[in-house]
Amino acid sequence: MKITFLGLGIMGSQMAHNLAKNNANLTVYNRTPIDYSLFKAENVTIADSLENAVKDADIVFSMLSTPEAVEEVFFGNGKVLKLMKDHAIWADCTTVNPSFSKQAFEQAKLNNIRFLDTPVSGSKPQAQNAELIFFVGGNAETFNEIKPYLNMMGKKTILVGDIGKGASLKMLVNVMLAQSMAIFSEAVLFGESMGISKDFLLDLLPNLVVSAPFTKFKAEGIRNDNYEVQFPLEWMHKDLHLATLTAYEVNQPLFLANLTKELYAGAKNNGMERLDFSAIFKHLKNN
Amino acid sequence: MKITFLGLGIMGSQMAHNLAKNNANLTVYNRTPIDYSLFKAENVTIADSLENAVKDADIVFSMLSTPEAVEEVFFGNGKVLKLMKDHAIWADCTTVNPSFSKQAFEQAKLNNIRFLDTPVSGSKPQAQNAELIFFVGGNAETFNEIKPYLNMMGKKTILVGDIGKGASLKMLVNVMLAQSMAIFSEAVLFGESMGISKDFLLDLLPNLVVSAPFTKFKAEGIRNDNYEVQFPLEWMHKDLHLATLTAYEVNQPLFLANLTKELYAGAKNNGMERLDFSAIFKHLKNN
Amino acid sequence: MKITFLGLGIMGSQMAHNLAKNNANLTVYNRTPIDYSLFKAENVTIADSLENAVKDADIVFSMLSTPEAVEEVFFGNGKVLKLMKDHAIWADCTTVNPSFSKQAFEQAKLNNIRFLDTPVSGSKPQAQNAELIFFVGGNAETFNEIKPYLNMMGKKTILVGDIGKGASLKMLVNVMLAQSMAIFSEAVLFGESMGISKDFLLDLLPNLVVSAPFTKFKAEGIRNDNYEVQFPLEWMHKDLHLATLTAYEVNQPLFLANLTKELYAGAKNNGMERLDFSAIFKHLKNN
Amino acid sequence: MKITFLGLGIMGSQMAHNLAKNNANLTVYNRTPIDYSLFKAENVTIADSLENAVKDADIVFSMLSTPEAVEEVFFGNGKVLKLMKDHAIWADCTTVNPSFSKQAFEQAKLNNIRFLDTPVSGSKPQAQNAELIFFVGGNAETFNEIKPYLNMMGKKTILVGDIGKGASLKMLVNVMLAQSMAIFSEAVLFGESMGISKDFLLDLLPNLVVSAPFTKFKAEGIRNDNYEVQFPLEWMHKDLHLATLTAYEVNQPLFLANLTKELYAGAKNNGMERLDFSAIFKHLKNN
C-alpha cells in the first residue's frame, strides 16, 4: 500500500514520522517548504509537487490548519481529488465541522475517491508518542483498510458512525475541554477569594473526581503564569463558535457552551488570542 | 479517648460503624429513634439522651442534615456545647457554608470547646468503605488529635487552613460537581442530536481526559433513566445558592456557577427535587 | 417613475397598498397565486410573470420571507437582476443578515443594478398605517431617489450608512426586542412568585421607564394567554442566531444575547416555534 | 398631624423640602451633622436628638442608606420604635429586601407602631421635582392616612399589596433597570462593532419602542464617557444580589438577572463600584 501524508506541521510531522518508523511505504509533502532532513534519514519519499505526492497513493492522509485549507488543497486550486487514483482513500485528520466533512465526502464521491473523516484527540506529545485517539466517520470497510496505519500513529481508533460523525465527536470533545477549563479556573479563583492557597488548590483539585484529568497539566501553567501555546485560545473560541452553530442546526440548546464561548471571546479581545486556551484563567482573574 | 458520634443517617451510621470496627471507645446517639441493633452487636454504647451521649466525650463528631440542625443541637435547644466537657473537641462533618462554620467556632469558644469543620467528600459507598476524604478547617494541633479517628472513616485527611476552610473547600467541590454534571449532560444531548448513539457517548465520554471521572457512575443512571437519589438535586441547588452567596461576599464573579444554579432551579421546579442531581440530564433533555 | 413591488405577504401587501393610495405608478407580483382584487380596485397593474413585473421598472421593492428566497428570486432561478433595466434600483425590505446584503449588492453591481438594503422596523399594524421605520444601507443619492416612495409606506426613513448597515441595525433592533421580552417575562414571573398580582404587574410594568414600550402590547397577550403570531418565535430565534454569528465575525462578546438565544431555543423545542415570540413568557413559566 | 423625616441625604433632603413647601408640620433630623440652614429658612423644626425628633410624631418617614442602617436606628441602638408614640405610623422609604420589611413590620407591631414599606422609584431629579412614584406595602387604611404626604413628595402612589410588597416591586424595578442598561450597552457596542456610528446609535436606539425609555438619559453619559454617580454601580450589584437571593427563596429561576449580576460584579472588581451603574457600558467595552 502506498501512503501519502499531506501537511507536516506540529501534529502532521509527528504523525508521519510514526508511519515511517513502522516501515510504511510513505511519501510526504508540505505546501510551504520545510526541512525534510529527518524524513530523508528515514528513507521517506519527499514529493516535489502536490501532483507527484498523490497520483500513485492508495491512501492520502491530510492534517491541515482549517476547513478552508482543506478545501483549497483538495477541491479548490490544489485539485488533489482530481489528481488521485480512482477508488483511492482520503482520510482527513484536520479538525473541521461536521457539515464540512459531509461536503468533502460529496466532493470525493464525485471524483470516485473514498472519504473518511478521521480527526484526532490529543496534542503534540500524544502525536509524538503515537498515543492519539482517532475519531472516525464513514464506511466500516474503508475504515478497516486504513486502520493498521491509524494504529501506527495512535493508541486507539473509534468508528463513531457515518460521514461527519468523527468531526462531530471531535467538536464535542473540544467543547468539553473549553468548559472544563473555565469551570476549573473559576473554582481556583473562588477558592483563592475564600482564602485557600492557590498552590494548595492547584495540587488538590485536578486530582479529585470532580475535575477533568487534563487539568493536571494546565494547573502547572496556571501556577507559573505560563500560557505558552499548546492549543491557541482563538482556535478554541472558533471551535466553540462552530459547535454552537452546529447546535443551532440540530436544535440543541447549549446554555453553558454559549456562555463559555463569550468568556473566551472576552479573553480574545484582551490580547490572549495567541496564548494557550488555559489563559482563560488569566482573563477570568481580571474580571 | 472517648468518642461520641451524633447523627446516624445514611452517612453518619456508616462512619460510626467504621469507628466501631477499629475498636474506638464509641458512644452513638440519634435524635429520632432508630434501630441500634447493629451497633449493639459491635459493643458500641447507645446513649439514652443527648446529655448522656456527650457529657464524658473527648471528641464529638456530628453528621447532621443542615446548618439549622447543627445550630439546634449544639447551641440551640440541644445545648450540646454547654453539656460537653471543658476543652473537649467538636468536629462537625455536616456540609455547611463557611460563615456558619465560623459562627459555630465562636459559639464553641464561648463554651471552652475546641472546634474543627471536617466536612467530607464522598457519598454512601465511600462512607461504607472508609474511603471518604476529610477537608478540615481549624487548628493543626487539634486536627492531629482527631486524625487517627478520621483515618478510621476515610482514606485521606486534608488540613485546608483555618476555621471555615474545610467548609469552603467542600462547597467548591460541590460546585464543580454540579457544573461538570451539567456540562456532561449537555455534551451527551448534543452528541445525540448530531446523530451519535447515546450508548456510545455514555461509554466513551466519561473515560476521556476532558470529563470529570465521577461521570462514569452517573452515566449508568442516565443510560437506564434511573435517577435514584444519591445526592438530592434540591441539595445541590442549595449548595449552588450558598456558593454564589459566598462568592458575592468575597467579590468573586462566577459566571458558569450562577447559570448552572438556574438550570438546577428549573429542574427543581419540574418535580425533580428529590431525584439524584444527575437528573439535570433529564431536565436539559426536555428544554 | 415605474415602481414594482414583489412579495405580497402580510407586510408586503400592506406596503404596496400604501404606494397605490399615494398614486404611485405601481406593478405588483407574488410568486404564488393570491387574490389580487383589492389591487385591481386600486388600478394597480398585476403582472402575469416575474419577467413582466420587473423588466420596465425604475425601482423594484422586495419583501420576501428569508435571505434564501431573495437569493432564489433575484440571482438564482428567478434571475430578476438579469431581467431588470440597466441602472434601475432594487430596494430589499426583507430582514436579512448584513453579509447577505453585501452579497446582494455585489450581485446587483455585476448586473448594473443599484442596490439598497431597506429593512423595516414595525409589524402588520405599522405597515397598514404607513408607520414603518426604514433602516437604509447604501448610497445617499440612490436613497434620495427612493425616499418619496419609502415615505408613502412609512413615517420615517433613516440612512444608517453604507451597504449592509440597514440590515445591521434591523438585526440589532430585533435582538433588543428578544431580550427585552425575556427580561419583562422574567420580571412578571418573579413578581408573581413574590405574591404580587399578575394583572397588577401587567398594568404597571410596561408603563415604567425601565420597560421597553412595546411590552404594553405584549402584556395583553400574556394576560389572556394568547400568543397568536405577530412575529413567530422561530424567526426571532433565527435572528438571535444570525446576530451572534455576526457578533463572532466582528469580535463582539454578547453575553445576554447568547443566553437569550438559548432560552428561545428551549421554547422552540417545546412546540412554541409558530407562536408569537412573546410565548417566551409561557416557556419561562414552565421552567 | 406632626410629621418627622429621618435621613437627609441626597434623596431624603429633597423629599423633606417638598413636605416643607406644602406646609407640613415638619421636624427633621440627620444622625450625622449637616447644614440645616435651608430647612431653617423654611421654618422646619430641627430636632436636637433622635428622641426629640420622634417622640411626638404622628408619622415618621425614614430614608436611610441600607437595611442595616434602618435596623440600627429603629430597633437597634437608636430604639426609635420604643421612643415613638403608641399607634404612630412609620413609613420606611429606604430600598430594602422584602424579608427585611416583614421583619421591620414585626418589630413595629411589638411596639404598637403601624408600619408601611414605602420605597420610591426615581432618583435625585424626581425627588427634587416631587415626581417620585411610591410603591407601598401594608394596610390600606394606614396608607390612606399618609397618602396626602406622599403626594407632596411624589406624583403617584401605588398600594401594591400587604407588607413587603412595596419592597418587592422596588427590587423588581431595579432588576429591570440593571438588565435594560446591560442590554442597551451590548447593543450599542455591537452596533459600533458592525460599523455604525456611536452617536447615531445613542441618538436612535433610546427612542425606539425596543428600548427602556430611561436609556435616553444614560445615553448622554455614555456619549461623553461621563459616569458621574446617580445610582452607584455597587448598590445596583447589591440589589441584583438581593433579588437573586429572594428568587431562590420563592423558587423562581432568573437566567438573565443572574448573568447580569455577574457582569456588574466584574465591573465592580474593575474599580467602577462608585461610578454610576451605567458604567456597565465601559466595563463591557473592555471585555
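Worth pointing out:
Note that the chains take the letters A, B, C and D in the order they are written out, and that residue 1 is the start of every chain.
To be clear about the criterion, a residue touches a chain if its C-beta (ideal position, glycine included) is under 8 Å from a C-beta of that chain, and two chains touch if they have at least 3 such contacts.
Just so it is clear, the model here is predicted, and its values are computed rather than measured.
Path length between chain B and chain C in the chain contact graph, taken as the least number of steps between touching chains: 1. Of the two interfaces, A-D and A-B, the higher number of touching C-beta pairs belongs to A-B. Think of it this way: of C-D, B-D or A-D, only one pair shares over half of the B-C contact pairs by residue number, and it is A-D.
Centre-to-centre separation of chain A and chain B, using mean CA positions: 40 Å.
Distance between chain centres (mean CA atoms), chain A to chain D: 54 Å. Listed for chain A are residues 251-255, 259, 266, 269, 287, each touching two or more other chains.
On the side of chain A, the complex with chain B involves touching residues 98, 121, 133, 158, 160-162, 165, 168-169, 172-173, 175-177, 179-180, 182-184, 186-187, 189-191, 193-197, 200, 204-205, 208-214, 243, 246-247, 250-257, 259-260, 263, 284, 287.
Of all residues in chain A, those touching chain D in their complex are 259, 266, 269-270, 286-287. For chain C in complex with chain A, the touching residues are 241, 244-245, 248, 251-255, 258-259, 261-262, 265-266, 268-269.
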